[in-house]
Amino acid sequence: MTLGLDPATWGAVLLSLRIAAVATLCSLPLAIAVAWLLARKQFWGRGLLNGLVHLPLVLPPVVTGYLLLILFGTQGPIGGWLRDTLGVTLAFRWTGAALAAAIMAFPLVVRAIRLGFDAVDPGLEDAAATLGASRTRIFATVTLPLIGPAVLAGAVLGFAKALGEFGATITFVAAIPGQTQTIPTAIYGLLQVPGSDGAVAVLVTISIVLALGTLALAEALSRRMQRRIRG
Amino acid sequence: QGVTVFAAASLKEPLDQIALTQPDVTVTYAGSGTLARQVMAGAPADLVVLAHPDWMDALEQDDALLPGSRVDLLSNEIVLVAPQETPALDLTPGALTDALGPDGRLAIGLTASVPAGIYGRQALISLDLWDAVSNRLAETDSVRSALALVARGEAPLGLVYATDARVEPTLKVVARFPQGSHAPILYQAAVVRGENEDAAQALLLALQSPQGLTAFVGAGFLPAGQP
Amino acid sequence: MIDVAVQKRLGDFTLDAQFAAPGGITAIFGRSGSGKTSLINVVAGLLRPDAGHVRIDGTDLTQVPVRRRRIGYVFQDARLFPHLSVAQNLAYGGTHDRDAVIDMLGLGALLDRRPAKLSGGETSRVALGRALMSNPQLLLMDEPLAALDTPRKAEVMGYLERLRDRSQVPILYVSHDMSEVARLSRTLVIMDAGRVVRAGPVAEVLSDPQAVPIVGVRDAGAVLTGRVQAFDADDDLTQVALSSATLTLPGRLGALGAQVRLRVPAQDVILSTQAPIGISALNVLTCRIATLIEGQGPGVAVSLTCGTDRLLARITRRSARAMGLRVGQEVHAILKATAIAAADVGTGDAP
Amino acid sequence: MIDVAVQKRLGDFTLDAQFAAPGGITAIFGRSGSGKTSLINVVAGLLRPDAGHVRIDGTDLTQVPVRRRRIGYVFQDARLFPHLSVAQNLAYGGTHDRDAVIDMLGLGALLDRRPAKLSGGETSRVALGRALMSNPQLLLMDEPLAALDTPRKAEVMGYLERLRDRSQVPILYVSHDMSEVARLSRTLVIMDAGRVVRAGPVAEVLSDPQAVPIVGVRDAGAVLTGRVQAFDADDDLTQVALSSATLTLPGRLGALGAQVRLRVPAQDVILSTQAPIGISALNVLTCRIATLIEGQGPGVAVSLTCGTDRLLARITRRSARAMGLRVGQEVHAILKATAIAAADVGTGDAP
Amino acid sequence: MTLGLDPATWGAVLLSLRIAAVATLCSLPLAIAVAWLLARKQFWGRGLLNGLVHLPLVLPPVVTGYLLLILFGTQGPIGGWLRDTLGVTLAFRWTGAALAAAIMAFPLVVRAIRLGFDAVDPGLEDAAATLGASRTRIFATVTLPLIGPAVLAGAVLGFAKALGEFGATITFVAAIPGQTQTIPTAIYGLLQVPGSDGAVAVLVTISIVLALGTLALAEALSRRMQRRIRG
């Protein structure tokens, strides 16, 4: 079941999907938390947090990659701590690629979810409180379902961005077949070789198909959610 | 009218120096592949300097260059770099794998597309090192990124140009690849067809002049044809 | 026991309300914009008062977070959860008395529906059901019946009376409809421009001729308390004993011996100097005129003592003159049996 | 002239309603969930009917886009524009009769406010004002007064009467409140489970003893039309001439010669076999019993002819027996002047 | 007034701002239109349009850059047409950089605005229609103000992305100093030069300051809008 692709390409496709999926799913809870903080709370450093979240959007991806290397590399403060306490290594692993993708996608996901929070009628949360619901329960049973479509939109944006991420990933974890070589890396490599336009076209087509599939799935899910909410 | 030069990114430092001495020169840097494709798409370049002859061939086939203007400008060396405390290395499979340790990786430009990676791959194959390291590579989109991986201690070894090795004080060259182990590393330059051919030709001559070459050599490059 | 004294600024509006009520149902009555919703939002904890306190049955709720106040709040704007079905909305705060509530409110056929597909009245019934099923210790109701039709209103009022009597849940009840207020509540709090202008037992406030301008001409009237004495199944009439007389009222109003409350709007009382004969009105009370107050306009408020009961009548000045009414005079008050029909008769909870 | 015949499926619910009305105010009455809002949504063009037509004054609106129907729709849920001030909301559809509307609805102090800061009643007043100021050719009102207090309700009803008489705008008026319906409307359409079960002139439907079960016991009653004959400024009483008698009613009800409509709920009418004396009720009509209908429960519906006027009385079976009432008998109907007070008196628009 | 920066850097900063501003403002109307189509209309090709919009997110930026070069280059079908009929050249001009930035930012902007459309209560638009408002007027006076915060959020995301765009820009318009060299491409150039970490740090700091400034401004604007809407 490799759809007629050569194994290396097929491997890159599968890896890209895995990295994008893990990046999206793992960053979602944090994105929701950060979006909630930004949408609902006033605190010292709020502007800074907001800026930090958006930074990967503003900086060239290579710079983000370098910063990741400095912070999360085996010698970096966070990377060293992760290795020493949790035994987790990110460098040259697909997990590192997922981290890079997640960080690059983070601003998009947070923004979408934040718009969702802004659209929730606080009166409904008040109503739940009068019915005795704890803050956690209100969040889980009222707020979260209501921001569902926004979370989904954020996840889609994030997934797409993670699928396409290249600059930060290759700088942080290089391109190692089977570990960190994703579709964009493969395409980039091919583009540097004269006369490889055919191979590029194949990979680009795969990307497009993946994107269309993801979007179609997300649209269907989103419509169902909207129907649940709108009635 | 000024001259616009499209040049491989690794030439930035010396070329900027030379440009300062010339009237009205603008230099634009990027990867060689990117530049070549742009010139084919009609970019306003008057002079191109690329890091690999393959893309020059492609430009020539596209009839984008002024016939006869293509010259070999510079050469370079590829070397292995490692942290300062690392002893010098024999280019043998055992020494390499020892230096990499149990799970270390050799940082290198993309071996299929980045020029330094292409030359490196040729050298590793011809020295019978490829089988020992081919699954221990960490390929990057530029030599600079490979260098950074070694400098940050992520990779114990990196295969880069000699010009790049000079700039990281924390690293040292632990092995040099003999010139014969790979195709000659050639930075070629050519004048692009267009209205500004004469000025471009003049600038090209200036690059080849002794003063020009001094700047390149100062940055660690070798004059073309000189091993 | 409800003890509220709160201040709160909202833009140009200032809420500065205090009242105490003994429990049971406390009606909050007042014109649009007088601060009723703001007041119960403070009681609910949804609006933080600038100063003051809220005490229910001796517990100071002022610092208690909303979710621990154990309130059932029927919001003026329903606030159903749009993503939950009617059944899930209802069960959100608990499933106390579930089947009875669903039955009373006629929600059985709607359980799988989402709020967006409900009619206005259905929406407010679900909101009501949700609050009731949460088994609250304090019920806050903001015009809960405004969107309901008459028969449904009557049913819900019956349920609230049973709730009040059975579970002793204090209820703050905002309404514009004096017949609801008189039937249900023990205490009446009248608000105007953010302040409480009158508060006291319903019967007292409504039958106070001085309060007519505040309560409104059409809504003033007495609230009588009596006891069921007999039921005539053939004619479907109940006899209710008051202190001075026995009234005959349509329908079965309660078990023998049960206490009932009757609202008698002042404008529905006819006075006669002679005992009437051959008349369809079954109820004639012999009373003595306690006060006669001429208001503005064509009316005269006549306050009557009938045994220990107090009645209020509103008649035209011309009639008062023609009949030569004066304080201390004995008159016959004619009450039409059918006028005091189901909707104006409440049970129990003597003020 | 309103001519509506529409079918529409909504989930399990089917709207299948047809009625015609001559103009003026047409009341749509029915229990919660009976399809009133759906019906006027179809008329407004917001709900596309599966089949049928909507014609107003001879124009077929069925295919006309909403914005060209020139309707003023007072939604059950207000639907104010949250981002606009009250003044901007009001002016959105036009500024027809602006100052009068603002004044009548007491919106002057709210003009700069945003909808989120309005009370429930204020919100519905602004929604009402917005629809009125758009100078519509057809007014659709979905329980527009449910959130208003009694005095404000009376004012708005007065305005609607003037609007109806002055500008001939047909109005479809959804309400649960029969006193509103009787006072304002010319035609009454009663809905149940998506269908029109009764439609006709208000006076006819309400005073039809057969219709009592549909209309509801408490809401049945006659609507009389009379003419202002005199006004006594001293006593503040108006004399209204009916076909068979002259009534004396409190307050100034209109200019001399003006037509007025009086709602006389069946349960407020007292019957007497003898002419009463020494009584505070100023109005006694001599009538003849047309029909006697025993319903379920304790009541008997007595339909009376008084001159050419028809009256409906509801008395207990026991009284009917005691008085020996029978068809054709002459009886005295006692109406209390103050009971037919301002809220139940409308102007003009004879059915 | 160059804040102590050398003229070339200062030029790149100004150019980046100009490109990001033009890209954001010019693409906004189209983004609103596309978001409206996607949120409100069912039509043949809807899924395709959705996919097309998201494509720049999924593809490596370099690929997008090449596609732009192929389509909008002087030899390209659209580029040739633009040159011949309107006399407009995009390739290797700052206008082309703006086009690249706009296209890369487009999916982010559209998504945010689409979430805005989804949150508008259609009942309000119905109410406006009963008051005689034409579709255009409803859109301008009801829908647009209500999606204001979402449009702003989209614009901020787009502006940030446009400020940070690198891959597509350098591919489509190169990094010609003074003409198309933006902050990210300048950073890229500096990264190639040994010992230029100081200069890179300066540019990264400028990026961060610009981002924080933009975000602060947007937050303030957004809060005011929210207050207008929520009351």
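Here the chain labels run A, B, C, D and E in written order, and each chain numbers its own residues starting at 1.
Everything below uses one rule, namely that contacts are C-beta pairs under 8 Å (C-beta built on N, C-alpha and C of every residue); 3 or more make two chains touch, one makes a residue touch a chain.
Chain by chain, the UniProt names read as follows: A, E = Molybdenum transport system permease; C, D = Molybdenum ABC transporter ATP-binding protein.
Since we're looking at a predicted model, the values are computed, not measured.
Enquirer: Tell me which chains count as touching both chain C and chain D.
Expert: none
Enquirer: Work out the mean Cα position per chain and let me know which chain is farthest from chain D.
Expert: B
Enquirer: Rounded to a whole Å, what is the gap between the Cα centroids of chain B and chain C?
Expert: 91
Enquirer: State, to the nearest whole Å, the distance from the C-alpha centre of chain C to the C-alpha centre of chain E.
Expert: Here chain C and chain E have centroids separated by 61 Å.
Enquirer: Suppose each chain is reduced to the average of its Cα coordinates; what separation in Å results between chain A and chain B?
Expert: About 34 Å, centre to centre.
Enquirer: What positions in chain E touch 2 or more of the other chains?
Expert: 62, 66, 188, 191
Enquirer: In chain B, which residues are in touch with two or more of the other chains?
Expert: Touching at least two other chains: 34, 37.
Enquirer: Using the touch definition from the top, which residues of chain D touch two or more other chains?
Expert: 77, 113, 117
Enquirer: Following the definition at the start, I'd like every touching pair of chains, please.
Expert: A-B, A-C, A-E, B-E, C-D, D-E
Enquirer: Would you mind writing out the residues of chain C in touch with chain D in their complex?
Expert: Within the complex, chain C touches chain D at residues 10-12, 30-33, 36-38, 76-77, 109, 113, 117, 119-122, 125, 142-143, 146-152, 176, 178, 216-219, 232, 235-237, 248, 250-251, 266-268, 270-274, 276-282, 297-299, 313-320, 323, 334, 336-339, 341-343.
Enquirer: Name, in rising order, each residue of chain D that touches chain E in their complex.
Expert: 44-46, 65-73, 75, 77, 79, 81-84, 92-94, 113-117, 130-131, 134
Enquirer: Can you list the chain A residues touching chain B in their complex?
Expert: Interface residues on chain A, with respect to chain B: 62, 65-66, 69-70, 73-76, 91-92, 167, 170-171, 173-176, 181, 185, 188-195.
Enquirer: Can you check the complex and tell me which residues of chain B touch chain E?
Expert: 4, 6, 9-10, 12-13, 16, 26-30, 34-35, 37-38, 41-44, 142, 144, 164, 166-168
Enquirer: Within the complex, which stretch of chain A touches chain E?
Expert: 47-48, 50-51, 54-63, 107-108, 111-112, 114-116, 118-119, 149-150, 153, 156-157, 160-161, 163-164, 166-167, 183-184, 187-188, 191, 200, 204, 207-208, 210-212, 215-216, 219, 226
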